[in-house]
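Some structures are shown below for you to check.
There are two complexes below, and they share chain A, which is joined by chain B in the first and by chain C in the second.
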Partner chain A sequence: MTSTLFKTWLERGTGFALPVVIALAVSAVVLLAIGESPLDTFSLILSESFGSARRIASTLSAATPLLFTAVATAICFRAGVFNVGVEGAFLIGGLAAVVAGFSLPASLGWALTPICLAIAAAFGAAWLWLPGWLLARLEVDEVVSTLMLNFIAAAITGYLVNGPFLSAQSGNNVTPPVHEAAELSRLMPPATLHSGFLIGLAILFVYAIWARRTPAGVEGAFVGLNRRFSRAVGISVRHTIILAMVLSGVVAGLGGASHGLGQLYRYTDGFSAGYGFTGMAVALLGRNHPVGMLLGAVLFGALASAGTTIQLFSDIPLDLVNIIQGIVMIFSVVELGRITIRRRARA
Partner chain B sequence: MTLKTLLASSAFALAAVPALADSAPAALIVAQGGLGDGSWNDTAYAGFEAGIAAVGIEGRAIESNDVVAQGEEIMRRAADSGFGLVISLEYAHGEAMQSLAGDYPDTNWAIYNQVREGDNIASVLFGEHEGSYLAGVLAAQVTTTEGIEGINPEAILGVIAAVKSPGIDKFIVGFIQGAQSINPDIQVQVAYSETFGDPTKGEQMANAMFESGADIIYHIAGGTGIGVIAAAESSGHFAIGVDTNQDGMAPGHVLTSMVKRVDVATEQLVRDYAAGNFPGGQTLVFGLAENGVGLTDMEYTRDLFPASYLDAVEAARASIIAGDLHVWDVSSEGYPDFFQ
Partner chain C sequence: MTAIALGASHVWKSYGRVQANRDITLAVAPAEIHAIVGENGAGKSTLMRILQGIERPDRGHVIVNDQKTEFSGPAEALACGIGMVHQEFMLAPDLSLLENLVLGDEPVRGRGGPLARIDWAAAEAQGRELADRIGIEVDWHRRSGSAPVHIQQFVEIIRLLRRGTRILILDEPTAVLAPQQVNELFDLLRRIRADGTTILFISHKIREVTALADRVTVIRQGATVFSAALTETSADEIASHIVDGTPPPRAASERGAPGDGVLEVRGLSALSVEKSRQLRDISFTVRAGEIVGLAGVAGNGQVELMEALFGLIRSTGSVHLNGTDLSGLRPDRRRAAGIGFISADRGQEGLALAASIEDNVIAGSQRQPPIGKGWWLSRRALRRVALDRLGRLSVRYGAARDKVSSLSGGNQQRVVFARETAGTPPLLLVSQPTRGVDLNGIAAIHAILLDFRARGGAVLLASEELDELQILSDRILVMVDGRIAGELAADADRGEIGRMMVMEGAA
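The block that comes next holds the complex of A and B.
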């Protein structure tokens, strides 16, 4: 028993470490090729990511949206539902929370934030319920439907922020700012790390409990492993699929709300820097495991944050960080092959 | 990771900050789209590099994949690390800059296309209305000239803009005012594409406008405008480019471009900073007089029409600079009677 457990953890650790090691090796070669010292560069990245309390705060701030999008992705992936629509639900939830945050009366006070979060969760849930229902009832391929819904989400939010919700005081496509009461407070000002990070951690914790300790969570894993078997033992596959999608939408919507209310205080062009897709890589890298996803989100957060600020101190271009991220993503997708095989097997 | 290596690596980070005798280094935060956009960012970067080279200080351009959300952290990190000048090209950074600049009184800050308050913040605006006026003067003359292929006798011009906002309508009103100065009865059709990034839509809208009698269309629509230029080329009519020199995108079919010299402005900021007279607390307007806006040399089109047309443009330019001619600025004066 102990040795199986050890083996599982070893396997997970390797699954996580291998892409990172390969990425570092490749980028070391690239650095040597452009005449930079890999050792100096990596230690600079390390100190810019974790070198002081402020740098750690910056890293965690960049990791915050990824916590949400990774969990949102994992909820579906573990049930064998290949949902790539987290990005869209993140945008929809973010805009919904921000619009509620500036249009509801500020006199609601402390209640405003939870109301905004609830609205974002509802919008996110509704957004991903649709492809869930289409998959469960009509067997519409979820990859296609969720991918298309991302474009629709971008178009809808783009239109709304450009028209009905456009701030009168701005020459750019931004909404008015949310009321101060709706803002998520900063944890260690002036760093931008905000309480959305704590919400993200709480969601990760709830996910861990849900996945292992609740019937619905365990059924999700069964459906992910083998749909026929699940049906045979009396699990409603349709119900499980729709539930996974809806929960994914709730988490993605909350992520958008956290970003809107805690980081940007408004909705603007460029609201999401592809968090939904980076979150997918985090979920794959962390093998849907809460600890793995936490580490993955921190890793990508560190790369995003340090990758930018190292340019203040060196001639290392952003491309290097893009190379590291890209390679980590490619090799973490090794897991993806397994999901694809499952998808074929169930058909 | 041991404490020792951490300390060693932070020491490396500190040592990497360039020590300079006369001036602390300058940072340029690149906006969404990044370097290589062939437009806003690249133009500003060219001016930044030119300024840095001219005054001999250290300068760094900072790119981020997530520039909107990371803006505040980048700006604070730059100021904390001893940068003396931080310029952001990202519109969305204005608010954060205003709120954090007070924490760093020794750092100079600069932001574009908006006015932010703070003794150490320079706000940079462009006189797009003035440059657009000149485009209107030229287009109004060309549109009724006989013998130019693709030009019909009707006095109809077109404008395709991305969104209705004071920042965009500023261009349109200047263009209309310039066109009307040549021909008071000229008709200027205006349409909004509602998007900056849809060339196909731009092309469809431009074709519809060309079919209704317009022969020159001024686009103020970013990527959507690429479609306007494509439509001008395929239908044999004309477009007017914006922001950068777009004359070469369809040689002979882009009458001219209304260029916005963000490079001139950026270089000026760097030079002023190095010279110790950074315009903190001021709003700088880069109009015609400052060479901040203007028309291109019309490399591919200047032989199509009589040279006297350019004399009229030059005359208008001179009167605007001399202050004899006032061009309406929607962003500061609101909407005029002739355009609501």
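The block that comes next holds the complex of A and C.
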């Protein structure tokens, strides 16, 4: 029994390490080609992302939105629902939280933050409920519907931040800042690491419990493995699909709220730097497993935070970091290829 | 004079760590009907793939007309005159039988090239000539999809002969046929043999082997263990080689003592089922302590009937279980009312192959105490219930956390039975319980069913194995074209059952 356990962990480990190792190898080739030393560069990236408490804080800060978007993605992927709409729910939840954060009375005090989070969760849930319902009832392909909803979310939030919610004080396309009471506290000032990271960890923990220790979580896994089987043992596939979408929306909405209330204090045009999609890569890299996703989020966070400083101290272009990120994504998407094959086999 | 039309000499083939063929030697004489028998997973399919040039052996070689041959691909095997009829027919269902006959090799009028016109008169003449030669009648203008299965099979055979096939390989050719059709097929094959064609057929029905073959080769665990002319061996001897020297098990054919009606079906019809046969006005009763067999040629509505009774497809009419009306309920409610469902499709519906054994054996109970308590699921209770269920049907497994796909077919099926009989439901709906299960596993599964009946359970059993139905059932319903064509005693003459199975449109 222990050996089975060991084997699964070994499989998971290779599934995680392989894309990373390949990405490093390819980057090494690129570095050699431009006449830089790979070892020096990698150690620079390492020291820039983990070299001091401040740098670690910056890495974790960059990892924070990815924790949410990865979990939001994993909830659906493990149920066989190919939801690519986390990005849209992240935007909607972020705007909802920020609008609540500056328009509700500041006199609510400490209660303001949880209210903003709840509103964001509700908006995120409603946003992804729609494609879930369309998939479960009318068999509308969720890839198409969620992808399209991302554009709609970007358009709606873009309109609102440029129109009704535009700040009168700022020249940029931003909303007014949220009340101070609504802000998530900074953990290590002056670093931007904020308590949204702790919320993200809590979400990851709750996800881990939900997946294995609740009937609904176990049913999600069954539906993801085999829909016909699930139906035959009496699991409602429709409910499970809709639930996965709604929970995904809740987590994505909370992620947007954490980003808005903890990082930016306002909603801006270009609120998300593709966190929904990077989160998808993290979920695939971590094989939907909580530990894997934590490591994946930290890895991508480290690359993002090192990338911004690395070109200050060397001749290495920022593009290198993008290359590494891209290659890790491509090879974690090898897993994605397996999901699509399963989708086809089911059809 | 050729001694070996088709053969294999010391063929080895492995897929990864699985040794599919180990030292297989086979010799099929010209114009001989040669049967290859063995359990599922014995390595028959691998050998066929090698003989057709689809796979290359790791060691050893194929022999064609006494020559050692190495095929570079299936086209080369085809050029050597080797053709195969697969279990699933390769006819385009929307084309006529004639179009299928010439598809890919059409006779043309005048010059060839891109503007050539197909000479349909010549095509039909060729078809008639071939059909006459082997003594069958074919309505060539019929749409393939609507032609009877045995006619489709004949056309497939004729198509190969037309292309110059001299060595015909048939993969379980009788699996989809009714008994009468089997006899027709056998007559046809004998005539083809008389014409000089060599025939190699795969089967796991000993009755067919003794009826048709000149010679038999038994494969067990990837190796040839026995080969003899049919005149020098017996059915019992062949059977003993298939299963490692032990004689085939015979289930006790004791009949049940039926009690009150458990399942009452009245006027059941399936509204519209895509691509499959509708159910029309089906009425019957299954009583406590009774196994009712459901016979029929595959595809006559047995699968749909089971799905309708379990609520997987919509239907009209009434279904009562112990007096409770189940009409319109979903599978979870019917399951809760007391129905166990053994799917014919074990790999896709009966089990989630990628999930662990324990998850598979408790699936469906995740919301019921002691496993599910409201929002919470107890992994410890789950493990305890799983081990209890697995133990009760003595499933052999390594660890409960292992994937269920690591089990043999028989043990996989036992996992399904362990789950479905766990709540001792009054009714079991069982489809093809021993498909892909080896002989020892079959005996165990029959014992489970008989035990279930002995405890007063009611069973509706659909099977394509008439032997199985006759051993287990108390009476047999025959399904034709989505309706119940009639009811027979379990010990009815096989010919009678067969005649009923091929009755057309019993309107």
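By definition in this document, the second predicted complex is superposed on the first by the 347 of 347 C-alpha atoms of A that agree within 3 Å, B and C clash if a C-alpha of one lies under 4 Å from a C-alpha of the other, contacts with A are read in each partner's own complex, and residues count from 1 in each chain.
Just so we're on the same page, a residue touches a chain if its C-beta (ideal position, glycine included) is under 8 Å from a C-beta of that chain, and two chains touch if they have at least 3 such contacts.
Note that the structure is predicted; figures quoted are calculated from it, not measured.
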Assess the superposed three-chain arrangement around chain A: do chain B and chain C clash, or do they fit?
fit
Given the touch rule stated above, what does A:Glu219 touch, chain B (first), chain C (second), both, or neither?
second
For A:Ser195, is the partner it touches chain B (first), chain C (second), both, or none of the two (neither)?
neither
So which one touches more of the residues on chain A, chain B or chain C?
B
Going by the contact rule set out at the top, does A:Leu318 touch chain B (first), chain C (second), both, or neither?
first
Minimum C-alpha distance between chain B and chain C after superposition, to be given in whole Å.
34
From the superposed pair, tell me which chain A residues show up as contacts to chain B and also as contacts to chain C.
none
Spell out the part of chain B that touches chain A in their complex, as residue ranges.
1, 5-6, 8-10, 12-13, 16-17, 27, 32, 34, 60-70, 72-74, 76-78, 80-81, 83, 91-92, 95, 100, 103, 113-114, 163, 165-168, 194-195, 331
Chain A partner contacts - residues on chain C that touch it in the complex:
310, 312, 330-332, 335-336, 341, 343, 345, 348-355, 359, 363-364, 366-367, 371-372, 375-379, 398-399, 401-402, 419
Partner chain C, residues of chain A touching it in the complex:
1, 4-5, 212-219, 221-222, 225-226, 228-236
Using the touch definition up top, name the residues of chain A that touch chain B in the complex.
40, 43-44, 46-48, 50-52, 54, 58, 61-62, 65, 158-159, 162-163, 166, 170-174, 177, 190-192, 259, 263-264, 268-271, 273-274, 304-305, 307-309, 311-314, 317-318, 321-322
